[in-house]
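Next, two complexes with chain A in common: one pairs it with chain B, the other with chain C.
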Partner chain A sequence: MMRGILGLLLRALVVLTGTALATFTLLWNAPGDAATTIAMARFDTLLSDVVVAQVRAELGLDAGFWPAFNSWIVPLLSGDFGNSSVTGRPVWPDLVSAISYTIPTALAGLAIGLALAIPLAILATRHPGSWSDRFAVGIASLGAAIPAYWLGLLLILLFAVKLAWLPAMGARTPAHVILPALTLGLGVAAALTRIIRSGILEARRQPFLPAFRRRGVSDRDLARAHVAPHAATPVITVLGLELAFLLEGIVMVEVIFSRPGLGSFLVTAIGARDFPKVQAVVVVTALLFVVINLAIDVIYRLIDPRTGTQDA
Partner chain B sequence: MTLSVCGLSAVRSGRTILFPTDISIEPGARIGLVGASGSGKSTLGHALIDALQDQGARVAHVPQSPDEALDPLRRMAFHWREAEQALGLPHDAARQHALFRALKIEKGDLRKRPWGWSRGMQQRFVIAMALVGSPDVLVMDEPTSALDPVVAARTMALLEEYLSTRQTAMVLITHDLGLAAQRVARLMVMDAGRIVEDGPTSDVLTAPQSAVAKSLCMHRNWLELPC
Partner chain C sequence: MRSVALLACAFVTLAVLGPVLAPYDPAAINIPARLSPPGGQWHLGTDALGRDTLSRLLHGARWSLGLAFGISLIGLLIGTCVGLAAALGGKALDWTLMRMTDSFLAFPELVAAVVIAGILGGGINSLILALSLTSWMRYARVARGVGLSLKSRGYVVQARLAGLSPIAIARWHYLSSLAPSLIVVWTGMFARAILGISALGFLGFGVQPPMSEWGAMLLDARVHMRAAPLQMIWPGIAVVLCVLAINLAGDALRDALAQKDIEE
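Let's look at the complex of A and B:
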């Protein structure tokens, strides 16, 4: 048990350091001069070399890669995310406010995805190969084939422009979350439907099911108590990966719907080469991943305690 | 009351794998169904279960391996409760204990999942579960082939002891003539989807009539296993 926890912590540390280092390297080596970009974002105008040199010196960009990386990561070890290179304000409060917009969108997207995928998958597996199966798989393939940015625009066109039922831009009211969440949810549903469908079909092939049927267990109980848990195991594994796509998709969706949140926070920060902000998003996202994967591991072991007995 | 079914047959992908067969089973009978692999033993067993259940008889089935009878994700206690509920029986701790004691699995931890038990114990649990509704007929499909001979013999002996005071008939499907010889009074020999020989065990063993029965007897495993 202790070994397991230590292993997990070690893995988390490797993941976090790796991602932090990788993004810092990318940002550092991105074309264009970082100090000029930051200075332009700061003052919103073209500036003389003197000012740029001043910014460069102030942010420690002239000291080279490793000193710059260290001056970011050392305060982080004590929980200090540093100050924005552009505004000079601490990154943490802005980050928290961005997250507070993103988490509800992501959860709503996931909820919509599951709410669509589970009934569709059950419909599909009722008569495999029938028109209802093809319909469900078709919808799922269509959903997977439509990119989020296009789907988002179509939804805006239909619900905000044509029907004027829902607001499209911003985040003033709870209704503002519906269209972004729907955009995310349809994409999630597409992938999940196919996975849940094959999970159910696979679970139905379990060798013990005929014996249960002969024992007199009803089809309903069989589906609920035996097929569902076996179908759930692969789905839970994939759900972790799906959350990765969700976070990826949310960046795009937030930009499309001009919604404040981690996505717009990140896009603005990258545009301005705001190292501490970009790095903060990356660290928080990576941490989120580690936690989600840990949770999935735990759920997995609750359903099937055989997993993890050999491998910590 | 003697149970009888007529015209059991089975066709799979256009090929007849079980020709129309009649079987009657007296209360407390011990019937062995032997034959080579692919001769239609299990098919006949399944058809028999379905037909008897359709008649309203209580039939229980013990598959070849506990893997085919237990869900690895569910606890033993869940299996037991589910088996009781499927038969519409209320939970009865005394009955459960009696069955567990008869099959010597009373020390098994019901909170564990099947793989937390040894295979021999799992199979005995499956047999106990099959007996929970006091069935008229117990159909056992190669019940001991997944067990080592010593455990298999012990399991069969325990089961026989339990059944000796009851009316439950047993149909034992096996390719192990040695096992059948010791446990059943009547032998049916199957070949290519037909029962080719049917008679008292001693007659079939000493004077087999059909070619299949003769060859089975010749290849009988005469090594004296405890079963």
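Let's look at the complex of A and C:
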């Protein structure tokens, strides 16, 4: 067990290093001269070569790939994300503020997704193959094909423009979280419904269920004590994938609804070529991803001792 | 299976003939006719510069469908090579390639594509690079899994003992067994590529104006949401119909192939 977890940790470390290196290589090879772009973003005028040279020296851009990589990664290991190359202010406080907008959206979206997907999946599996099953699967397939940004625009059109019930742009009041969370949640629900549905169907095929039923265990107790836990296992597995879906959705949703979260932070930073900020978002996302997947793997091995005996 | 074939024909027709079918020049600006409602001369209305929306949608099909097709094929090629190399190339290579795959998977694909396309600057080349680089991992996992399970099969062992080179074995024995699973993965990735292209277009990091692309059309229409809401509806419907059709075709293919497995 301990050996397995150590292996997972080592793997997580390798993955994180790989991601950091890949990001830095990409930014290092970005087209255009970084020092000129940053100098223009800072001073917003026609620049002399002297200013550009100063910026280049200040940011360590003239030192070559590995020294520059080191001067980024070494402070990072002690939690220092460096300064924005445009404003010169530390990246970390801005990043924390962005994350504080993203987390409520993500959690609300996930909650809405689960609240829709579980009843829909139960409805679908009550009579497999019936019209209610087809209806639920049809809704889920349609939902999976609707891109988050279009769904968000449609919701704005309906609830903010036509009906004027809900605010759409910005994040001033708690009500501003409703439409973004709904956009995310509908997407999550579409993906989860099919997974939960096949999880329940799979769980119902377990050979010990007829045996219990013949011994007089009621269908309700069976569903609660045996079908539900069995159906939950694949859902835990795909939570990692769902997280990816959530993060992708968040980037689009925050841009559409002008929410100052992690996604807007990333898109703005890319537009301004503020590389320290881009690097910070990438590192935080990868870290979050790796930690959650690690947790899922560990939980999985604790719940189900069958997994993890042979390394995949 | 017939519906799948029909669908494939419809998409090829749309992507190839789209520009021919378009009634107007998609870039012809006509300011007096800006934001016209659908009907009459313009079947789906016009955008903020008076350009015909139907023509722009038909021209956009080439980007959304054609580019997505190409990108998903590039991903298929990279992924299959990486997966088979990992399965056949010994333990060290397997470990390296699979950790590399994990690193790429350790990041939401679309976010990675946004970062890559955004940093490299908008345009078709960076779009293709960004979406291909972030779409090969699933193929690699599937190819490696099938490859590992085939490795110890009798006929593969015999082929090796008979002196066939690993490349010949990969070509004759692995690819034929891999094809069904890879095709199913491919339909999913084709749909994802369509979504990816339009998402990047919507963020302004994709196909650049004046070329019409569905995501970029949405971005333009968003500003005029109040005046001409329908202009925002059409490109979205186009994306949803394509993705839905491809996903359903993928499901049908998967079921048909699973059926074949049972019969065998």
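In this section, the second predicted complex is superposed on the first by the 290 of 312 C-alpha atoms of A that agree within 3 Å, B and C clash if a C-alpha of one lies under 4 Å from a C-alpha of the other, contacts with A are read in each partner's own complex, and residues count from 1 in each chain.
Rule of thumb we're sticking to: contacts are C-beta pairs under 8 Å (C-beta built on N, C-alpha and C of every residue); 3 or more make two chains touch, one makes a residue touch a chain.
Owing to the predicted nature of the structure, the values given are computational and were not obtained by experimental measurement.
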Chain B and chain C placed together on chain A: clash or fit? fit
Q. In the superposed arrangement, which partner chain does A:H230 touch: chain B (first), chain C (second), both, or neither?
A. first
First (chain B), second (chain C), both or neither touched by A:P210:
first
Return first, second, both or neither, reflecting whether A:L76 touches chain B, chain C, both chains, or no partner chain.
neither
Practice problem: Considering only touches as defined above, state whether A:A30 meets chain B (first), chain C (second), both or neither. | Solution: second
Could you say whether A:P147 touches chain B, chain C, both of them, or neither, answering first, second, both or neither?
-> second
Of chain B and chain C, the partner touching more residues of chain A is C
Touch check for A:V51: first (chain B), second (chain C), both, or neither? neither
Once the shared chain is lined up, is A:A22 touching chain B (first), chain C (second), both, or neither of them? second
Once both structures are overlaid, the C-alpha centre of chain A sees chain B and chain C separated by an angle, to the nearest 10 degrees, of 90
Across the superposed arrangement, the tightest C-alpha approach of chain B to chain C, in Å, is 19
Chain A residues contacting chain B in one complex and chain C in the other none
Listed in rising order, the residues of chain A that touch chain C in the complex are 11, 14-16, 18-19, 22-23, 26-27, 30-32, 141-142, 144-147, 149-150, 153-154, 156-157, 161, 243-245, 247-248, 251-252, 255-256, 266-267, 270-271, 273, 278, 282, 285-286, 289-290, 293
Within the complex, chain B is touched by chain A residues 206-208, 210-212, 214-218, 221, 225-226, 229-230, 303-306
In their shared complex, chain A is touched by residues of chain C numbered 99-100, 102-103, 106-111, 114-116, 118-121, 191, 195, 198-199, 202-203, 205, 215, 218, 222, 225-226, 229, 232-233, 235-236, 239-240, 243-244, 247-248
The chain B residues in contact with chain A across the complex are 49, 53, 60-61, 63, 67-74, 78, 82-83, 85-87, 113, 115, 129-130
